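Each chain carries a letter (A, B, C and D) given by its place in the written order, and its residues are counted from 1.
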Amino acid sequence: MARPFRETLKTKDFIVTAEAGPVKGSNVTKMIEHIDLLKDKVDGLNVTDNQSSVMRYPSLGTCLLIKEHGGEPILQITCRDRNRLAIQADLLFAYSRGINNVLCLTGDSIDVGDHREAKPVFDLDSVQLIHLLHTLNSGKDMAGNELDGGVDFCIGACATPSADPIEPQLIKFEKKLDAKLDFIQTQAVYDLDEFKRFMEHSRKMNQKTKILAGIVLLVGAKMATYMNENVPGIFVPQYLIDELAQAPKGTALSKGIEIAGRLISQVKEEKICDGVHIMAIGREEKVPEILEAAGL
Amino acid sequence: METKIGVFICNCGGSIKNINFDAAREKVAKIPSVTCVNLSSNLCLGEGKEKMLSYIKEENIERVVVAACSPELKEHIFRQVLEGAGLNGHFFSMANIREQCSWAHEGDVTVKAVELIKMAVNRIRLLQPVEKKELSVNKEVLVVGGGFPAISSALQFSRIGLRTTLLEKKPNLGGKLREIEGFYSLETSSMIGAVEEDENIEILTSTEVVGVEGKIGDFTVRIRKGAEEILRNFGAIVFATGYETEVSPQDFQLKLGINIISQERLAQMLQASSVERKPESVGFIYDVSDENSRLPTLATLNNALTLKERWGSEVYVFCKNVKVDSEGVEKLYREVREHGVMFLKFDEKPRISAEDGRVKIEAKDILLGEDVTLTCDLLVAEEKLVPAEETEALSTLLNIRTDSRGFYQDENVHLYPVSSERGGIFFIGGCRSDLDFQRALVDVSSVVMGVYKLLSPGKILVEAERVKVDRQKCRTCLTCIRVCPHSAIQLVRVDNEKEVAEISDLACDGCGICAAICPAKAINFEGYSDEQIVAQIEAIGAS
Amino acid sequence: MNKEIVAFCCEHSAYPAADLAGKQRLCYPQNLRIIRVPCAGRIDAIHILKAFEKGAAAVLVLGCEDGACHHITGNTRAKERVKYSEMLLKEVGIDNRPVGMFNLAPNEPHKFIRVLNEMNKRIKESREAK
Amino acid sequence: MIIAERKPMEEIKQMIAPYNKLLVAGCGTCVTVCWVGGEKEVGILASQLRLARSAEGNEISTLEATVERQCEKEMTAELKDKVAEVEAVLSLACGSGVQTMAELFEDKPIFPAVNTTFIGMPEKEGLWVEMCGACGDCFLDRTGGICPMVRCAKGLLNGPCGGTRKGGKCEIDPEKDCAWEIIYRWLEKQGRLDLMRKYYEPKNYRAVKRPGKVQAMQA
């Protein structure tokens, strides 16, 4: 059985988590393959919650699969699709089935997904969701009612080190830290100098929360340029794009793996933060190669 | 009782040949409200007009339709006849059966002519009286600026008896006068002396306009001098705020320095009694970015000539175009060439680099069709004309547009040369375009004529409430105020209660944009109301 | 009416251009009916719709040249309103009766004729398509 | 002010398909000001419908009327005679006006010709933007006078989402400033950034019990 993530956070020097994206449909074979491949190589497996507002197999269900296959799941919850009743109910269920780690997110806008006419809920925001988790941990629900059988979640949230402008984001980040977090998983990081400045700022505010740098696998120069133009809060420096573009035909992906590995080992060697969170969007099977490239 | 409408049909001295007038007369007589139809062949001449007048009186005609030539030509003449007969001049409409009917078509056009008359009758039936009234105007003029056009127009206003205030934001009058006096043998100090001595001219220096309220004949201007603000009233405002020049070496990614200098710096060097080292070769470069280079051309030619004469340097001029359309510039250009100045014309931007403390210019000469490389001791960089600093702020304050280059009003042919979309506000000189001295003089005369016509009678005759807001219907949505191109609409408070839009008869120029856009249909444009327009449509094809 | 073109002509540009066309005897079909307006900006969608309700074959709004409107924004507004009217007509299924806005100077009688011919051509085409 | 936009013509045509005599009724208040339901638009819509039906060979006759405020029974009651003459009413008022009309004239079908969209203000001539969501629990004192409930696409109360684009633009509209970016700038200018650092509890979304009712205290 996998080690509880909270314990890992306390004891391990360099923590590695990875992301698993659920399928669109009920065929979970491929997902199980990924789970089996990764469960022993990383300290926790995040499951996205209708990522990019595209309807998929649920985060909660996938976490259950991970648990059943002996992995350590991290349940991602967004505020977009559920109101406070539904979120609390889901959390009670999760805890009762051994899913003890939660990453609190606002959620992408409905307008970027595949069900654009849906009603956006956003009954809570990510900071309020963190507070809600603490309330549940204290044995009560949001309305102040006692719970018959409490919960004890390990609570995480995300941060965007490359946002521009950064100031309003930092204020929100501070609010998240003030709400007490066990861990932070950041948006993709490529510019480590910028990330170091972000870390300096975070350390000033809070020493306890573990921070895992987000590593998104680049599969080519095109993807990098696309992300720069279209994905808020991500900035791939030009030299990395050039490096990818100059890679011989058919080797861009391995170049991307090499870059990811390089970033991870630098984060580790320079002790920039407490670990990394690997997002190999749609290429979960490549995570072991990234780990290998990083020398882990 | 039904309104009596008289229709006068004229064959314009027999020049309308393809209408059967008797048949037309018969048909027109059957149009409802038409009480009499009169045929004529010279309605606009003395005899015709007299007959028309007596006919109106005899038949007790209340409204008149004239079917003849284009209203563009004779409308005003016929209105006078109506007024002479004691009718409201507005109760008149023309059917253009000549230019837009008889002359425009082959074959018989009787049917169409009758229809055009029917359209006019339909319209005139719905007209409401429009009264004329005289509004008195303030006869004082404000001239903003301190350069040649400002000083010169102030002097002329004074001469024709209009009290003038000359307002300059700098501490002294003169503007760029001192820079050009050499070219035109002007005496700056004597001109300034003349305004200073003129009792009809008040001079305010170090002063700015910070607000303009009101309308033609009746402006209230907020003026700031230091910390003090005062309100003053004027009948007309003339802006002569000038232009500025901008050296744009960034076009070549070079900075001004010892080797690359501005025209202004060169002029200073030329005026100085001695220079450290006379440059052996000097290059000029201009007209890199746009065609409007009248003044830079003049400056370049003058400076090139002086350079030759004083220092005897080699002089090269790199340009796209030599704009010689100003008075005397063709001659000056020839003179400059005769002095040995070389002109090199390019299409592509020349490359400029530093070489051993000198400046290297590489260009493709389009006349020679060859690449030319020259090295000069000194390069005089292009100067662009840009709007004066305050232009943008003033344009917002006045609600007056600037053209695509940021200057006032140079592009609209209806306002040319010095008027603006707001009556009583004028722009002259460099603030509206790249003008040479002669053209600036033309501006001065135009504005003096314009203001004289406007203010010297002391009153303006306007049509009262021709475009009018129905206060009951006005929803105070501000749409008309936002869209009026002449800033003629303001909010007013009625009976200390409801705020509604009100149109100034003085400032309104009668375009009807507001009447078209008003979402509450609260604005009526008499003569062009919705009903009056639709009534004309209804007459079409009815026969 | 059913074959007439209703043309709202600005008195600063198109109206004198039409006069000039007559003076120069540039003959054109008789189906044109000009309504003189102080500015193309006076004309709104309702006037265009009403003309069609009365059976006009086509509606023209003619104003000053770009950048040279006597009332600064009248011609650009007219252009927008004609576009809007086209949309209003299209959404009620009336796409066979053309409406157009053109800019011309008072001394352009030939352009006036060109615009007219173009409109008559469009009327013919849309009738044939029907 | 209440902002609305006209419904798609197809929808309107379908609603009124069975009727041949119609009152097109405008409202002289908000919808006039936002160019959608005043006297002018009433004229245009009526003309459009006549054209449409005439083209179909199924003529319709229309009456046109605009009252000052269709949401006031006394004012809308003025239309009594006209309503009596027609088979149905097409109202260009906001949802509130349409319902007032419906309540007054129970025996007549009343149809909405516009979609009531939001409470907003004109950003410039002819362009209106949403400003207020009528939540019944105003938050503006804490956000520099900018409502994150409606001006943030997600209605977030504790700061911007991670989707903020470069230059502080909104995730779903690159033209629009992120509401929280504006709030930040304004509070910073006022030296009140501490307001943004504060944690705000989840909002009471039931501050107004539906259907809403406000009883004035003064008499």
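Operating definition for what follows: a residue touches a chain if its C-beta (ideal position, glycine included) is under 8 Å from a C-beta of that chain, and two chains touch if they have at least 3 such contacts.
In this text the structure is predicted, and so the values were computed from the model without any measurement.
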| item | value |
| --- | --- |
| Two chains joined by the most C-beta pairs in contact, as defined above | B-C |
| Euclidean distance of C-alpha centroids - subunit C vs subunit D, Å | 35 |
| Length of the line joining the C-alpha centres of subunit B and subunit D, rounded to whole Å | 42 |
| Between subunit C and subunit A, distance of the C-alpha-averaged centres to the nearest whole Å | 62 |
| Mean-CA-position distance for subunit C and subunit B (Å) | 27 |
| Touching two or more other chains - residues of subunit D | 40, 43 |
| Residue numbers of subunit C (touch at least two other chains) | 44, 46, 50 |
| Touching chain combinations (by label order) | A-D, B-C, B-D, C-D |
| Touching residues (chain side subunit B, partner subunit D) in the complex | 473, 475, 477-479, 482-483, 518-521 |
| Touching residues (chain side subunit C, partner subunit B) in the complex | 1-4, 6, 11-12, 15-16, 18-23, 25-30, 32-39, 41-44, 46-47, 50-51, 54-56, 64-65, 67-74, 77, 81 |
| Residues on subunit A engaged by subunit D in the complex (per definition of touch) | 79-80, 84, 105-109, 111-112, 120, 122-128, 131-132, 142, 158-160, 163-165, 167-169, 171-172, 174-175, 178-179, 187, 232-233 |
| Contact footprint of subunit B on subunit D as seen in their complex | 28-29, 32-33, 35, 38-41, 43, 66, 122, 124-125 |
| Interface residues, subunit D side, partner subunit C - complex | 8-10, 13, 40, 43-44, 47-52, 54-56 |
